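Quick heads-up: structures coming right below.
In the two complexes below, subunit A is the common chain; its partner is subunit B in one and subunit C in the other.
Up next is the complex of A and B:
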């Protein structure tokens, strides 16, 4: 099978995962042909392939042309990483209009002549081209990517019924109510205990499983939702990530809902860090279906 | 004494997924002050379905479960929020 890897606007972290597969990468390259992959082979132009892994977001016209070319020249197109599946961290740019964002980043007197035209609003790759399979993760865990490639290179594109990160998490409960809500920088979390019940904002209940919940169970870091929304969040239009998390934090801390809500300063970053650009969640974003949501206090 | 027909198992708790947060016990309207509560706190740290006949099929437990461990069979076959968006269904079906 011929396998290619195309990188659009991204941090190239998914490419590093591709390289991190180590011994499997050697057997993959020897058994299949990899004619186009930025970190593996040096070649200009996407050739005809059977499967192409696309990572990153479509930020400007160049990215769009590259994605379209990848679609035309391959039989299967796989969206690799949360950026390609849901917009990921670059999707947070939807908080600003394109012009505001460029001015903010490059200064008021910057000139963009001759630069590729940027998109007005960022959207996941599947809003532009047809996508056959998704592998979310920021970046996808090495083992998950390896099993995905093993399945897909044998001929069938895999999919699995997703649950939430909590179902994989190996922590135990604590007696309620607890202090909070607080952040990991302000308070010390007890080891191997549920972080949400200790008053930390953990997105585990609403995030797709598959990572093994290593952040929460092994390192004591609250889940920030890097695998994207779970099946339940995607399918049920009334399930609001903010309301669900506030309800759980209210139960854990025993405080009033508005007190908990006031403690969370940046709802867009807290609840939609990796999926702000996802069209299915658009009505549930902090700014509703408005094209751009400005950060608090920055509206002119 | 009136004969009560035994209902089919309505509520299933997946032990492999359950994390023992007892959110279902807290949110269920048919627990507090009832002689036959739907859920009870089991001694092993997991909730247990005690009396399914008390269940009113409000599906609060299924929605609230953070680990997606509870499945309540809505007897009439209706879906919780109506049929899901076609795009969401396609996306979920292709997700790994």
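Up next is the complex of A and C:
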């Protein structure tokens, strides 16, 4: 197979994972050709390939052109990483208008030679071009990328179906109610116990599985949703990451719903850290927005 | 006006292009480094609770993620007046050296070594994939160096890319004694090859002396964190030395933050930064060396002697940055072994009571000083964030290097294609990080 890697507006974390596949990386490059990957090889234009991995967000016209070219010149297009799949952390920029963000950074009259036109709203790659397969994760774990590539380079594109992080998590329950809601910086959690039930803001129940829940089970850190929304969240109009997490925290702490809601003062950053730009979630919000974003006083 | 465009630049971190503007006689007149795609990280972090700050800024750059996290965490700790337990500081330092080791290994093996190994071969062959076809063993061994840094980072940080173990106040988990021993064994095993690679890089630079001399010399003052008796990767004391190596200024974090002067670049989203009272400064592995004089560990300082003997000191030729990178990897190796040999800690963090305040944080990232400035509101939410990255300091120097190189290599007997390859080689000497630069 001929494989290309295209990076749009991104942090290159997915490329680092690609380079971390160790033995599999060497068998991949021996058995397939990689004619285009600016991070590694020198070719300047995207050639015709069998499969292209696109990572990052479409931030401006240059990114859009690249994504479009990648689509035209490849049989299969894979959205690699949470940015490409759901907008990722850069998708948080969707809280502001593009003009205002640029004005704040560069001043009112700034202009740049050769500057591509910015996009007015951030959207995942599949809002612009057809995507054949998704491999979310910020970044996707090495083992997951390896098995994904093994499958897809043999001609079978893995499907998008999946469960939630809790299905892989190896923690036990605690008796309720507990104190909280807590933030990771304010309190220490008991080891190997459910963090959500301990009153921590854990996005595990609403986040796609596949990571092995290592952050929660092994490091004792609540899931912050880096693999993006689970299938259930994407499919069911009533399952909103914010409302659902608040409901679970209310149950865990035995507090009143508004007390829990008031305690979390950064809803966009907490519940939608990796998926604020995801169109399937946004479609449910009237006018493509949600009232809690106004709290920041940023939206025009 | 005639111009030469290299778009995209390849084998670097991120998306950028370079444009050389020529005058009527077709002599290079200006070099413009173009990188767009400002993602607004300084703004999108606003309103976030401090516990979300590290994961958010981490996504600025996957190769330097921990440096962003810890510069931000330090800024929070300084804002709230929190003292981090020493065991946690040691674990943080270990993870930072691990990531620096990994990042340098990638920029050397994946990006720059192909140019030094095969200076006259076709650009299509200058990459690890092509080299792997003819010399599988060497590529595998070189990539093992990267994987060594990755392993240390993964054990100390919980994950290798975007680590999760560190948060304002300290760290969540320490590494177990067994893991410490296993990592020390792996490090010891890699030692001979690391030293060998260091000598190889120095040899290749001596063999490519012509390119080393042609591809940019910059005598701008050097800025870096200052260590006690060697290099520091975290800290609060900064220093500037001039071209002759004379100490020019020394100041603390707060003063540094006040003295930063940012300005738009006319053809890039990377805002260039100067230091008021000094002007332009260089940061990165060479600047660190110029400021600190050496590494402060035996092996790295021993290998440094040869560099000093051959190219003098302070170091100003950009290409010698590659030697400084491999020497830093040796230093990182020594520090990692030292830190892993120390006993683990019981108390890894302090819990924080969010309140208002402002603070700064600085780390020495792989390619230079990274500064964070932070204001928190009374709920502990981020009110204002400023991020100053290494490429912002080095942007003008990088453009000068491209121009200087273009004047030497364009129009000489070389074919056009080879000249363009050399211009990219000049850029890779900076190992510029575009995602950090535009952030």
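Side notes on the structure shown:
Throughout what follows, the second predicted complex is superposed on the first by the 273 of 300 C-alpha atoms of A that agree within 3 Å, B and C clash if a C-alpha of one lies under 4 Å from a C-alpha of the other, contacts with A are read in each partner's own complex, and residues count from 1 in each chain.
Note that in this section a contact is a pair of C-beta atoms (placed from the backbone, for glycine too) under 8 Å apart; a residue touches a chain by one contact, two chains touch by 3 or more.
The model shown is predicted, which means the values in this text are computed figures rather than measured ones.
Partners subunit B and subunit C, once the complexes are superposed on subunit A, both fit on it without clashing.
In the superposed pair of complexes, A:119 makes contact with neither subunit B nor subunit C.
More residues of subunit A lie in touch with C than with the remaining chain of the pair subunit B and subunit C. Using the contact criterion defined above for the overlaid structures, shared-chain residue A:38 touches subunit C, although it does not reach subunit B. After overlaying the two complexes on the shared chain, residue contacts for A:131 are found with subunit B alone; subunit C is out of touch. When the two complexes are overlaid on their common chain A, residue A:234 makes contact with subunit B while staying clear of subunit C. Aligning the two complexes via chain A yields an angle of 150° at the C-alpha centre of subunit A, spanning the centres of subunit B and subunit C, rounded to a multiple of 10.
Once chain A of one complex is fitted onto chain A of the other, the partner contacts of A:243 are absent, as it touches neither subunit B nor subunit C. Of the two partner chains, subunit C is the only one touched by A:220; subunit B is not. Of the two partner chains, subunit B is the only one touched by A:171; subunit C is not. Looking at the shared chain after the overlay, A:157 reaches subunit B, while subunit C stays out of its contact range.
Of the two partner chains placed by superposition, A:263 touches none, neither subunit B nor subunit C.
Aligning both complexes on chain A leaves subunit B and subunit C separated at their closest CA atoms by 20 Å.
Shared contact residues on subunit A (touching subunit B in one structure, subunit C in the other): none found. Of all residues in subunit A, those touching subunit B in their complex are 85, 126, 131-136, 144, 148, 157-160, 162-164, 166-167, 169, 171-173, 194, 196-197, 204-205, 208, 210, 230-232, 234-239, 247-248, 251, 279-280.
Interface residues of subunit A, counted against subunit C in their complex, comprise 7-17, 19-20, 22, 25-26, 29-30, 34, 38-44, 57, 59-60, 62-63, 88-90, 92-93, 95-96, 101-102, 104-107, 110, 112-116, 138-139, 142, 183-188, 214-215, 218-221, 224, 226, 264-266, 268-270, 273, 295-296, 298. Looking at the complex, you find that subunit B touches subunit A at residues 16-17, 19-23, 26, 45, 63-64, 66-69, 80-81, 84-85, 87-89, 91-96. Of all residues in subunit C, only 7-15, 19, 32, 34, 36-52, 55-56, 59-63, 65, 106, 110, 123-124, 126-130, 132-133, 136, 139-140, 143, 146-147, 150, 158-162, 164-165, 167-169, 172-173, 264-269, 271, 349, 351-354, 379-381, 435 touch subunit A in the complex they form.
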